[in-house]
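What follows is a group of structures, each given as structure tokens.
Shared between the two complexes below is subunit A, which has subunit B as its partner in the first and subunit C in the second.
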Partner chain A sequence: MLALIYFIVLAVIALGSALCVLLARHPLYAGLSLVTSMVSLAGIYGLIGSPFMGVVQIMVYAGAIMMLVTFVIMVLNGARDSKTPMFDKVSLFVIPAVLVLAGLVGFALVRSPLAFDATTLRGSVELTSKTLFDMAQTGPGYFLLFEVLGLLLLSAMVAAVLLAKKRLGSIETENTEVKH
Partner chain B sequence: MELQPIFIQILALAIFSIGIMVAISRRNIFFLLMGVELALNAVNLSFVGFAKTLPADMSVAGQIVPLFAIAIAAAEACVGFAMVIMIFRNRESIDSDSYSSMKG
Partner chain C sequence: MDIIESKTWIEWVITIAKFAFCFVPVLYILLLIPMERRGAGFMQDRQGPNRSYIKIPYFGKIRLFGYIQNMCDGTKLFFKEMFAPAGVNKVLYYVAPAIPFAIVFLSPCVIPWFGPMVFDWGDKAVRIPGSIIDSDVGVLLLMGFSSLSAFGAILAGWASKSKYTFLGALRTSSMTISYEVCLGLSLMGILLLAGSFNLTDIVSWQENHVWGIVAQPVAFFCFLIASIAETGRAPFDVAEGEPELVAGYHTEYGAMQFGLFYMGEYSHICINSFLIATLFLGGYAVPFVTTETMQAHMGGSLAILCGILAFLALAFLHMLHRYSKKLAATQQTHRFEVLQEYKLYKICGWAAVVVFVVLGACAWFLFNPANMAINGFAIGSFATALGTALIHLLVLVVKSVCFCWVWIWVRWTLPRFRYDHVMHLGWKIILNIALINLVVTAVIAKLVGGN
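Moving on, here comes the complex of A and B:
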């Protein structure tokens, strides 16, 4: 009963701030609502027994990714064109289409029999790390994916630095720009 | 009445729909990327919620796969915002409808 009350409170916060993202005018307000939504989702992760996922959600999503979003919004000064309309005519068709899709999937979900399993494991740090770094021959082999993920993040970082640089690989032009 | 797994799935579905709406219907490019983040969040929630309905030996995957999804989302946001910075330098606009020079 108590878990249901906590869930309803967190779900209302998450849904409300997601709606704020849809209706916000300035990107920074939308970013703040997105952080609120992510933090309440982290609360739900803790509630249903995956505390490690909740912590990762707060650290990576609400911390790192949203910091990146806020930086880019401030660098590009997102308030500069407040004259572009929020929605256009395409939205008139998109929003009902998404609602109909959600209705169909929701109908299929409600009809399916779902129940919590009593023997399900709590996603603690110990269980997650043991499974992730299980190097046994018969193990799940998640550690290989983990290594590949490290390479992917490294290449994404290098690509981002190269893309966001002022002029690709020419130091002279940057120096002349400073002089002018 | 106790907490049911269907409530978690319905919440994930609602947040996913809102994320898709933000990503498709808003014109500001920041909202587009934030909508994608919101949809990815909802999918992670759905993963964890479904993992709690499985028996012990199968429910572990539901704790691991969302971690990978979060890392992919971080890489996606990193490259996506770098591209936004690059396009903004050329176009001086954050309206996603003005990024149409690849239109056939």
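Moving on, here comes the complex of A and C:
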């Protein structure tokens, strides 16, 4: 009962702020609503017995990634974009996509059994680490995938740095590159 | 209701009473501001602000060693006009100072203020954790909260629509992100040794083995530097940067809105000191004494505690005595006023000595609660558990106050960094040291054995 009340409150906040992301005029407001949405999602994760997931959501997404996003928004736009129209040509693609996705998710939710016990742990620290790293239980699959994902992220980062560096070099020191 | 009947009433009382710990950082502000000002005075060989007074009959002007200055500052901030400069984003401008201050009330929830209280209540063994949220993810939650609190500075900087505040906000966000990484990585070594994110588990590991500062000295210094940087104080005050950016992200703020940022900063220091004390200095654990020993000789432990407090009161009295002797020998015109003021402190000091001695004697002779063992666990009475919790809390407070002093010490002795130097230190030095420390710890832990 108590869990249900918490869930409804958090879900309303999450959905409302997700709508705000779509409807906000200014990208910074959209970013902030996204943060609110993510924090309330973290609350829902905690509620269904996955405190680890919830905390990682707060730390990584709400804390670090959204911080970077706000950083980028502030650097790129500042106050300039506050007059953006709410709907433009891109909305022709975005709105159907959102509707179709909502329909799909709704369909999946209706079809799947919703009854679950909120007291069982699904994503606690122990359970997550066991699923990921306990080779006796799950075989090396998840472990290898985890490592490969790390490599993928690393290579993406290196590529981003290289791309940025090349652009900087071509603008500022065009002549020196020819000399080499 | 099931949820109410699931616990005995004493558990509910303690669980609700524990929420009072949320206000500890705010109370620490009262301690930290005079400490900072008088500390700065001490470093720079001057008095510091100690002239504000309250006048009471007979004793005259009471200054409380500069604590009255606090009240004056607070009153000034409260009664100043709240204003917003033209052109600011009104909503975010008013919301922004509240964010770091709201986080201040959430962060203390995961810190274990005392060891788990285990006691016997009507033939029922009751166990109450020392933190408000006894969660598996304790320390991660704290890191998450502290990363959220930077949003306040960012929004304030953006909403003020001024170049200085904007630059301050950008610097805050980049500093928070880079030092958050260092903070997390230097933390990992001790987490690896303790094998848990739960702060209570980490403290009990330290209690049974060695303190974190002995097991992980490198990580301790990385963590200390990173957390000083994260609070954004000198020498890492690039976000406020008085020589460059007026006052950084809160340039446009005045009155209590500025006060909220100011208090947020000091509470952040408090939280970080508590975190360092918990992670690296054994938290609530009393040095060289296990909790079991302490509980077995509860009366004696309380008597020793009272003895230490009485000794401190005597030291305070001795300090007053020396001051007044020095002052009486001079020809300063206000010396009689000050001596009159000291009379009050002397009365308070002697009263404290008498009270502590009496309390200690009572504890030694009268307070010998029986302990019994059920299933191998020593389960004492409620009084034992309460006494243990009190001692643990005092020990933790003493440890954290030491670290608060480190913050002030560092601020007033080291020259400030340039912005690129801060980034260089964070990403190229501390991060790598923390990574190497983590790898070495993991290898050694694996070789020595255990999981």
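As a working rule, the second predicted complex is superposed on the first by the 124 of 180 C-alpha atoms of A that agree within 3 Å, B and C clash if a C-alpha of one lies under 4 Å from a C-alpha of the other, contacts with A are read in each partner's own complex, and residues count from 1 in each chain.
Operating definition for what follows: contacts are C-beta pairs under 8 Å (C-beta built on N, C-alpha and C of every residue); 3 or more make two chains touch, one makes a residue touch a chain.
Everything numeric in this text was worked out from a predicted model, so none of it was measured.
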| item | value |
| --- | --- |
| Partner chain(s) touched by A:56 [first = subunit B, second = subunit C, both, neither] | both |
| Touching partner for A:75 - first (subunit B), second (subunit C), both, neither | both |
| Partner chain(s) touched by A:159 [first = subunit B, second = subunit C, both, neither] | first |
| Which of subunit B and subunit C A:125 touches, first, second, both or neither | second |
| Which superposed partner A:136 touches (first subunit B, second subunit C, both, neither) | neither |
| Superposition-derived comparison: subunit B or subunit C, residues of subunit A touched | B |
| Which of subunit B and subunit C A:7 touches, first, second, both or neither | first |
| Contacts of A:108 with subunit B and subunit C, given as first, second, both or neither | neither |
| Contacts of A:64 with subunit B and subunit C, given as first, second, both or neither | both |
| First, second, both or neither for A:44, with subunit B first and subunit C second | first |
| Subunit B/subunit C common contact set on subunit A | 52, 56, 64, 68, 75, 78 |
| List of subunit A residues in touch with subunit C within their complex | 2, 28, 32, 35, 39, 51-52, 54-56, 58-59, 62-64, 67-68, 70-71, 74-75, 78-79, 124-126 |
| Contacting residues of subunit A [partner subunit B, same complex] | 1, 3-4, 7, 11, 14-15, 18-19, 21-22, 27, 30-31, 34, 37-38, 41, 44-45, 47-50, 52-53, 56-57, 60-61, 64-65, 68-69, 72-73, 75-76, 78, 80-81, 84-88, 90-91, 94-95, 98-99, 101-102, 105-106, 109-110, 114-117, 119-121, 123, 127-128, 131-132, 140, 142, 145, 149, 152-153, 156-157, 159-161, 163-164 |
| Subunit B residues within the subunit A interface of the complex | 1-11, 13-22, 24-28, 30-31, 33-35, 37-38, 41, 44-45, 48-49, 51-56, 59-64, 66-68, 70-79, 81-86, 88, 93-95, 97 |
| Residues of subunit C touching subunit A in the complex | 3, 135-137, 140-141, 143-145, 147-148, 150-151, 154-155, 158, 161, 166, 169-170, 173-174, 176-177, 180, 196-197 |
